[in-house]
Each structure stands twice: as C-alpha cells, then as structure tokens.
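As structure tokens, here come the structures.
Consider the two complexes below, in which chain A is the common component and chain B and chain C are the respective partners.
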Partner chain A sequence: MNKILSNKKVLCLFLLPTLLITTLIVVIPIFISFYYSMLDWDGIGKGSFIGLHNYIELVQDTRFLNSVKNSLLFAALSIFIQLPFSLLLAIVVANVSRGEKFYRTAYFIPVIISTVVIGQLWQKIYNGDYGLLNALLDNLGLTNLSQDWLGQEKTALLCSFIPILWQYVGYHMLIMYAGVKSQPPEYLEAALMDGASKVQVAFRITIPLLKPILKVCVTFSLIGALKVFDLIYVLTNGGPFFSTEVPSIYMYTTIFDSYHYGYGSAISIFIILECLLFTVFLGFLFKEKEVL
Partner chain B sequence: MKRNWKKWCIQIALILFAIIQIYPLYWLLTFSLKSNTEIFGGNVAGLPHKWKFENYLSAIGEAKVLNYFFNSVFVTSITILIVIILASTSAYAIERMIWRGRQTVMKIILLGLMVPIHAALLPLFMVLKQLHILNTYFALIIPYVAFGLPMAVYIVASFLSSIPREMEEAAAIDGCGTIRIFGNVIFPLVKPALATVAIFTYISSWNELMFAVTFVSKKEYKTLTVGIMSMVGAYTTKWGEIGAGLVIATIPTILIYLLLSDQVQKSIVEGAVKG
Partner chain C sequence: MRLKKVGVLLLSAVMTMQLMACAGTSTKGDTKDTITTTEDKTSDDTSIKEDVKEEAKEEVTITIWHQSVTDTDPVKKIIEDSVEDYKKLHPNVTIVQEGVTGEQYKTKIKTAFAAGEAPDISYMFGGGSFVKPYIDAGYLLPIDEYLTSDVKDKILDGMLENCTYNGKIYTFPTITFLANLYCNTEMFEKAGATYPTTWTELLDAVDKLKAAGYNPIILGEKDRWPGMYWFDIISARQVGNPAIMEAFKDPTKFNSEGFVKAAEKMQELVNAGAFNSTMLSMSYDEMVSGFAAGQGAMLFQANWIHPNFENEDAVTNGKVKAIAFPIIEGAAGTATEFSGGSSDGYYINANTKHPKEAYEYLAYLSERIGIEGYEAGAGLPCWDASSVDASKLSPLSQQSAQLMETGTSYITWWDNILSADDSESYKNLVAELLALKITPQEFAEKMSKLQPSELY
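This part shows the complex of A and B:
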C-alpha cells in the first residue's frame, strides 16, 4: 500500500498541473503587480523605476481617498445593516412553522444571477423617466420624490449600493441558516422548558453559538465590499463625477482607460494589503471575544 | 389565539420579503416582452398588452445573443471539466499519497483563496498579450481554472479526509496500481464533493465579468456577460431587446437552480464555510 502511495511518477502527474497553474496564474502575478507598482509606465516600452513614488502620490490623491471612503461606507452598510437583517431572517426562517424551504429558495435566487443582469435590471428600476421606482412613487402619490436616482451625485452612491445589499442578503441568510440548523436542539429545548421566551433563546443561545459563522459572514461582506467591482462597473462605472467610484473601479480606469499601468498597479497592491489587513484584524477581534 | 395572530404576521412579513427578492426578476420577464411604445407609454409595471416575442428574435438574430450564449457554455463547461480533473487528482495526491512537502503545497494552494483577482489582472493581461492568446477561449479558461482550483482542491481534500481507507487497501491487495485505485475507487467516492465543485465553478465562471471584459474584445469570443454589456451599449433605448438578452443569459442558471436548489444551496454554504 505504502509503495503504491509513494509512486513518484503518479504524484507528479497528479500534482504538477495544479501546482503549476496556481503558482503561475495566481501567486506570481502578485509579485509582478508589486514590481509594476514601482514603475512609471504607460504600457508601451519598458517604463522607468520610480520606487515608492506611486504610493506617495496615492495617499495624496483626493480621488483615490474618496474611492476608499466609498468602499468603507459600503462595508459599514453591509456589516451593520445587511448582516443583522440576514441574521434576523435566518433565525425566523429556521423556526417558521411552514414554508421554510420556499423562503430559503426564494431569498437565495438573486445570489446566483449574474451581476451584469442584476446591474442592468436595477439601472432600469432607477431610470429617471420610465423606471419602476419612480412609477411606484407616482402610484403612491409621491411624484415629487421621483428623480434620476443614478444620475445625480447626492443619490447615486447609496442607490448603487442597494442592489448589492439586496443581492447578497439571501447569501448571508443561507449561511447563517445552515449554522442555526446545525445547532443541537437540546440547548433550545432545555431553555424553553425553563421558561425562556423565543427572543431570549435567540439572543442568549442561538446567536452566541453562531459566532464562528458570523465571523465568516463579517469577513466575507467586509472583503467583498473592499473588492467590489462588477455591479458598480455595470451601474455607474464610478460616475457621476466619481461620486460612486470605489478603489477597484479607479484601478481599472487608471490602467485600461488612462494607461497609467504603474499607478493602477499601486492601487491593486493597496486593495490586496487592505484586504489582508482587515482579515487579520477580524481574526484578532473574534479571537479576543472568544476568550471573554 | 394570540400565538396564531403572531404566526400570521411573521408569514406575511416573510412573503413580502420574498416578493422584494423575486419581483425585479418577474418585472424583467414582463418588460422583455413589451414594445418600447408600451414601456415608455405608461405601462411600466403591468403585464404586456401585446406579447412581443419579436424582442427575443431580434436579440438572437441581430444582437447575436446565442453566440455569446454558446461561448459561455463552452468556456464554463471546459473550465468545470478541467477543475474537476485537476482538483480531484491533486486533492488525492495531497490527502492520501505519501511524500514530503504536502503541508507546504496545501498552504500555497490555500494562499490562492486569499488573492483578489484584481491583483492578477494587469500581469495576466500582459502575459496573455505576449503569448498572443488574448481574444481566445484560453484567455478566459486558464484564469478561471486557476482561480477556481484553490477552493476546489480544498473542498475535495476535506471530503476525502472523511472517507475510510479500507476500500483503497482492498483494491491494492487485488493488485490495482495508483492510477486504477484513483480511477475506480476514489473518483466515484468523491462525486458528491465534485458536484459541489461543479456548481461553484459554474456560478463563478458563468457570471464572471472583470477578466471577460478585459481579455476578450472580439465579438466571436465574447461570453454572455461581456456580450450583454456591448449589446446594452448598442441598444441603449431598446429595453425590450435588452430585457430579452438578459432573460436568455439567466435561463440556464435559473433552470439549474430550480432542478437542484438543495444541492446548489448546500454547495454555496460549504464553499463559504470551508473557505
């Protein structure tokens, strides 16, 4: 048996393709990106080495700082509005007397649909002249509220985040729901027998037991918010006047529209570091709490 | 009595939320069947007065949505196939075979889970350009496989670690070599994990936008996400046709979901919790 399992030829055959493709396509490009980020380079020719100059420029760039601010706002919305709402839904659906499967299935549908479709759809919902949202407001007698939601700076930012929050509520709900369902029912039964109300049970037993899952959800929505690209690209592409721009959109336009390859790479390295930093920070935060 | 009343309130709230989640999609279906005069003439929300199936014909005929569709089908199925083969073989090598450096290799692969695709975008673009494979199917399949593999290897490996070794040992006593043990014993056993991997890979590559928009600009190779983006550019005011394109792009996903909703939900939860 051991001889069979240490067959070197088979080992190479089984392992090398995966190892090669992950290293070449996923791992090495990070280092290349880091190298690019130290160049002044328009994509043609070789580009000149300028050290950390791009990063120095980056921290003084108000357009960049604004894009970071937008993504942090989005992260805050996801964590403090979307997640509590998903948690509420998860606990309610897990305890509902009928229709459990239907709700689970229905809430989850938007998650699997392409962001391009979601984006196009919401663009039409928000449309200033013929959109669904304005039609709804008209019917409610609130015509004076109807406006071009994505076309003006004051509404565009919030309106471009709402579809993403809408799309992923079901995702977080399902993960938390699976967590609730996997908890041993004995705890709940014991608490209910002792006369605890369902709300008390939720806060004292279900939610504390859910902590590992909550960590997953918080990490996912935070990292997802910091990296967000697709939906903003489809909906507004950062406009009007950069009011909905997030770092990944700024990176993309810097590289592929203005051909500032070095500067764009510096933004991409910033995104990686930001994600890494927050992941470590969250790990730390949740560990501290477990000790208490 | 009071309990009953409470239960009804909860049911109504849950149904309202289900409507919020589903109604936009239903609305998409209705406006994909309307003419512009109807949409812009006040019938925004209702059913079409006249069902205009021509929108679909024109999305297929003029906008070539079916071409994009087949490109997506091709790219996605090849990606799934390669990911399944590579993930199962290398998960077997890491989880079962005996050699030094298993831990290190697993760590390198898991590192891939942490890397945002943004980081690889420009370097990959330059490499693909130099290899002259921008605007080919490979320009999408290779990165999709690479970014799908870490999660896939992880899912298969942790599934494999829960399977007892007796059957492999029996096969070894019967004189099977490594490859036959893998093919006849292991591969059939890990099929549930591979189903999870397939669904996961389908959703991410069918819907992927950033690579697709960057690496493919020739019409012949555009997948649905990019194709729809350029169709929207050309058809700005033709809501019906755009709607038809969006519906066509969504149908396979919805079908898969309706047929396998439990399996799909399970896959996503597993992917999230393990990742």
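This part shows the complex of A and C:
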C-alpha cells in the first residue's frame, strides 16, 4: 500500500477527480463571477464591459460599507462571545459527572434545526405584539422596555445576531468537546496530583492543548460570520432601512431585486477576497503564537 | 476475484432491469394514449375531434412555471385542473406545471432564462421591474401571429393593452386586480365609526377605533410593497391619475406641491397612530393573516386577498366590507380612480419547441383563470364572463366588482411601472416616509431623481 501511495503518478490520479470537481464548481465560477463583476449587466440581456467601475462604485457606496461594518461586528461577536462561551460549555460538559450525553445532545439540537425554522421561532420571540420576550418583560414589570425588537434600527441588528450566535454555540462546543476528550488523561492526573485546582487545569492544560482545535473553530466562526445570509434573510431581510444588512444580503437584493448583476458580482468577489484574506491572516496569527 | 465476478453480474443485472423498465413505461404510455384518443373521438365537440386528428401523431410536452402555490390562492387549483382537463381535450399534449412561491420565483426564473433552461410558459409580473428586461433581451415570444379574432372577441375592451409592448402582444390578461380599503365591520360598529368617504372621516375613524382599543390600520411594511400601495392611492387621490401618468414620463414633476402634500398625508396618518407600531417588522403574510384574525380594523390591499377573509376559519368571515379609498377634500383625485389593473400574465418562451401548442394552452389557461378565478373570488375577469352567475359570488367579490364598475381610470402598482432599480428606491423611500425618517419635501425631491418610465 505504501508503495502505491509513494508513486507520484498514482497520487495525481487519485487527486484528479476532486481537483476536477473543485475546479468545475468552485474555481471556474469564481473567475466567471470576476468577469461578470466588470460588466454593466442586468443579468438578462447583454452586458457592456466597464472594467473596474463597479469596484470603484462599491468602495464609495455607504450602504455597502455599512453592510461590511455589520458583518465585521458580527464576526467580532462570534469570536469574542460565541467561542468563549462554547469553550466554557465544552469544558464543563466534558467534566460533568452525570448526564454528559444529555447535555451534549441538548446543546447540539439548535444546529440540526433548519435555519428557517429557527428564524420563525425567533420572530415569534421578538414579535412586538405577542412576542415571548415582550411577554416576559411585561411579567417582570418592565413594560416600558417591551418594544418591536426587529422593527427598530437600534435593536434589530443585535437581535438578529443573537439567534445565529445561539444556534452555532452547540456546533463549536461539539468540536471543542471532542478536542478536550481526546487529550491524554496523564497530564490532567499529574496536575491534579500536584494540587492544581480544576480552574487551573482548564487554563494551564486543557486550553493550551486545545490550540489546533481553537484555530479551526475561529476560522469556521469567522468565515461563517462574514458570509452569513440565511437567518438574517428570514428574520429581517436586511431591514429596517438596511440596518441589519450584511454583504451577502446586499448582493442578493442587488442581483435579484435591482437587476444589477455586475455590481452584485463585484460584492460576491469582495466576500471571497475578504474570507480568503482573513483565513490567511488567521493562519499567520496562530503560527506566530505556536513559535512562541 | 470471486467478488469481482459477483459485482459484474450484479451491475449487468441492474442495467438490464433499467433497460426493461424503460421499455415497459414507454409501451404503457402509448397504449394509454391511444385509449384516451379513441374516447375523445366519441365526444360530440367537433372542433376537438379535428384537433385530435391533426395532432395525434406528435407527442408534445409543455412546461409551465407559476407562482400560485398557497391553498388560499384559487389559481392554484385552476392550473392543476387545467392540466388534467387539457390532456382530455388534447391527448397528445402533456402539460407539466410547477409552482414556486414569491421571492424565490423571481430568482428561479431569472436563473433559468440565463441558463437556457426556462419553461415553455412562465408567469411574470408586467411592467418595467419584471417582464420588460426579458422582452428586451428577446427571451419571450410575441403571440400576434397566432392570435385569432374569435379569441380576441372574448377579451374585454382595453384589456389587451396591458399585454402589449412595443406594438406586439405578448400575453393574455387573466383577472384584474383592484386595491380596495377593507374594513372590519364588527370593529367599526363597536367603535361607532363610520366608513370613511373623505380624508377627514378617515382620520375621525382612526381616532374612534383607537379610542375603542383597536389597531386602526394594519400594515406589513417589512416587505415594503404594502406601504407602497398606500402612497400609490394617496397620491392618486391628491393629484389624480392623469398627473401621476405625467410624473412617470417626467419624474421631475414628482417634486411638486401635489406629491409633497400626498407625502404629508401619509405622515399625518403615521402621526395619528393609524398604523400598527410593529409595521416595520411585519411581513405581508403576517399582515393578511393578522387582518383575518382581527388584528386591525382597516387594510388597503388588492382583491386577491378575499379568500383569506372569507375562509370559514377566519375570524373575519362575513365581517369585512370593501370600500373605495376615501377622497381628499379639495384635491384633484376622485373616488373612481383606482390602483390596480391586469398586470400579470403568462408568457411564452421564445425558444420553445412548440410555439403553437404553447399558445393554445396559454389562451385556454388565461381564459380559465379569468373566469374561474372570478368565480372563486380571486379577482375580476378580463374575459367575457357573462356566463357566470354574479349572485353566486362571495359578498366581497360582489362589492369589489361593483366598485370596479364605477372605475374611470386605473394605474397599476407603481413598482410594476418603474424599472427594477427605481422601484426599489421608491419602496425604500416610502418606508422611510412611514418611519418619519425623511420629510415630505425630501421624499418628493428624491422621487424626482427617478428615471422616466413608459406606461404600458
């Protein structure tokens, strides 16, 4: 078996199908999109070539810049709130003495529910007339705080991010949980024997050993945040007044509602480059730390 | 080695079975078709007989994509029935229908045309924001060469105008939609409010309804077009339909006293607390079901929503009254000017392999939707519907039909007139107006920057 795998020709042959499929459905469309992004095109008739004009317009478009700002805010929330929370859960669930399986499943349930269902669910929670959240506030005597959560610019953005953060906590928790569980118990036992507390063990041993897993989680979380679409589409569709708009929603409305296929393609190319850039940057960041 | 042999055997077995299965179905299909053909030959309609003889040889499949998927939409059943019935009339023609809901439909049809995989017939909204780019790109087939006078005679006067672009007819009208003000009679009675005929009476009704603890007007502005309907009609009442037509040709005219006043009227309603406070997060669907569940006393919408209110389960069943939108005292508009018209239809793909068969089905389906849709309360017919017993119609459909008889002029929804880009701008501006984010003057000024549009 080893002999076969060390033969470069065979290796190439084995990689060929995947390479072909990836090229066909990922690489080529990206290049086609790039070409489209240089057209003034309604997506139906004939387009005219306008070079980089769409990109120039893009960086001056306040609606676009606002959508980028929203997605960056969301990325920051994902990394600095969602992931620490998932980590905490992972460590707690891994150390819980009874019902480990139950907690693991319970936290993972939101991940397997369809996004549209979650969207509908949270819409009912946020509803200004009969929503759960307002009912709760009323019961606590905080009636003056109850409001139309998704209908106001100042609350809609945060309210539409919370369900997404909530949904994927379980996902990251599961990855980290697997990481924690696969750590050799010797370190732990040795530390406990030397008199370390559980908290010390978590910070000095479990988390540092989890670094490769954390890198995966941060990358997933960041990329997921930058290209988030579905839940926001269901909850607010970018409204009210673009306050919850993220680049992918803006791209969708530009192409399918305003018929600016070229401009929308420019936004999609921006999203690809943005994700690529951040992934490379993250790789760099984690590498530096590993050396130290 | 042995495993390999078994594998080969299995594979060949599967392949043979597939071959046999294919052969099986095709012979089955043939026999079934011949049976239906002979059945039809015994029918007494001579025209059908001739058709069958002519075309019996060639098997034709026509695909149609439409938007009627909800059970409250009577058109859904009409299309489904038409597929079966058409097969009986034309045994060689098989219709394959597929429905996709709302926003997804737009995406799907666009992608399909770009990929060259569009159906033979597709549903489209009229006007600049939807169908026009497809016509300009040559994707759709004009039907002039197939159109015969006997079909033309069945269509009500003037209704084909909405189907004509650059002098060519592209589709048939089906039903006319007309926006009315719907009032919940129970709430009006309990609040002691009168059905408004003037703007002052409307504000008065709003006050009384509010005092009685009702939400005066329900509006789902999350989708933005329901609010657009309000501005469409308020400006029709303020400046009159002819002035609106002028403004579409020359948008600088939007920046005039009349439209500023219309925008002021809109904000007057907002300031009076007429709309639900949750309007910006409420979708169209929630608005309609909300009204049906008694969450608002008034709703301004098109007559396609009747089945929702006359549903046996609806709280509002039998408690809804359709009236014309109130006039504004001293303004140019009259109560007989309406928002609406016949703006949507089914269009034939220019690349269809069977243009004649597609045309025939189009004519058949459009007439059926026109008449049966009218019977079912989906809208008013664009076709000669004298065969329909009007007294059997639902009360709302009757009221709506009576209102339409008074109509002197119609302007379709503005987002059907404006280009895709401008209709987005317009809807966003109305939403900002409703949220009091811009002043009427700013609104009018921004409207004046739209592109001129032709009226179809």
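Rule of thumb we're sticking to: the second predicted complex is superposed on the first by the 269 of 292 C-alpha atoms of A that agree within 3 Å, B and C clash if a C-alpha of one lies under 4 Å from a C-alpha of the other, contacts with A are read in each partner's own complex, and residues count from 1 in each chain.
Simple rule for what comes next: a residue touches a chain if its C-beta (ideal position, glycine included) is under 8 Å from a C-beta of that chain, and two chains touch if they have at least 3 such contacts.
Treat the numbers as computed from the prediction; the structure is a model and nothing was measured.
Trainee: Look at where chain B and chain C land on chain A after superposing the complexes, then choose clash or fit.
Mentor: When both complexes are placed onto chain A, chain B and chain C end up clashing with one another.
Trainee: For A:256, is the partner it touches chain B (first), chain C (second), both, or none of the two (neither)?
Mentor: both
Trainee: In the three-chain superposition, say which chain, chain B or chain C, touches more residues of chain A.
Mentor: B
Trainee: Tell me the contact category for A:96 with respect to chain B and chain C: first, second, both or neither.
Mentor: The answer is first: A:96 touches chain B but not chain C.
Trainee: Once chain A of both complexes is superposed, is A:284 in touch with chain B (first), chain C (second), both, or neither?
Mentor: Touch status of A:284: no partner.
Trainee: Could you look at A:44 and tell me whether it touches chain B, chain C, both or neither (first, second, both, neither)?
Mentor: Once the two structures are laid over each other on A, A:44 reaches chain C alone.
Trainee: Taking the superposition as given, does A:216 touch the first partner, chain B, the second, chain C, both, or neither?
Mentor: first
Trainee: So the two structures are superposed on chain A. Out of 128-136, 146-154, 200-208 or 254-262, which stretch of chain B collides with chain C?
Mentor: 128-136
Trainee: Considering each complex separately, which residues of chain A are in contact with chain B in the first and with chain C in the second?
Mentor: 129, 256.
Trainee: Using the touch definition from the top, list the residues of chain C that touch chain A in their complex.
Mentor: Chain C residues touching chain A: 103, 106-107, 110, 113-114, 133-134, 136-137, 139, 222-224, 276-282, 295, 419-421, 424, 428, 431-432, 435, 437.
Trainee: With touch defined as at the start, can you tell me which chain A residues reach chain B in the complex?
Mentor: 1-2, 4-8, 10-11, 13-15, 17-19, 21-30, 32-33, 36, 89, 92-93, 96-99, 102-117, 120-122, 124-125, 129-132, 135-136, 166, 169-171, 174-175, 178, 213, 216, 220, 223, 227, 229-230, 233-234, 248, 251-252, 255-256, 261, 264-265, 268-269, 271-272, 275-276, 279
Trainee: Which stretch or stretches of chain B touch chain A in the complex?
Mentor: That would be residues 7, 10-11, 14, 17-18, 20-22, 24-25, 27-28, 31, 39-40, 44-45, 86-87, 89-90, 92-94, 96-99, 105, 108-109, 111-112, 114-116, 118-124, 126, 142-143, 145-147, 149-150, 153, 168-169, 172, 176-179, 181-182, 203, 206-207, 209-210, 213-214, 224-225, 228-229, 232, 239, 242, 246, 249-250, 253-254, 257, 261, 264-265, 268-269, 272-273 of chain B.
Trainee: Which of the residues in chain A come into contact with chain C in the complex?
Mentor: Listed in rising order, the residues of chain A that touch chain C are 42-46, 123, 126-129, 148-152, 156, 236-237, 239-241, 253, 256-260.
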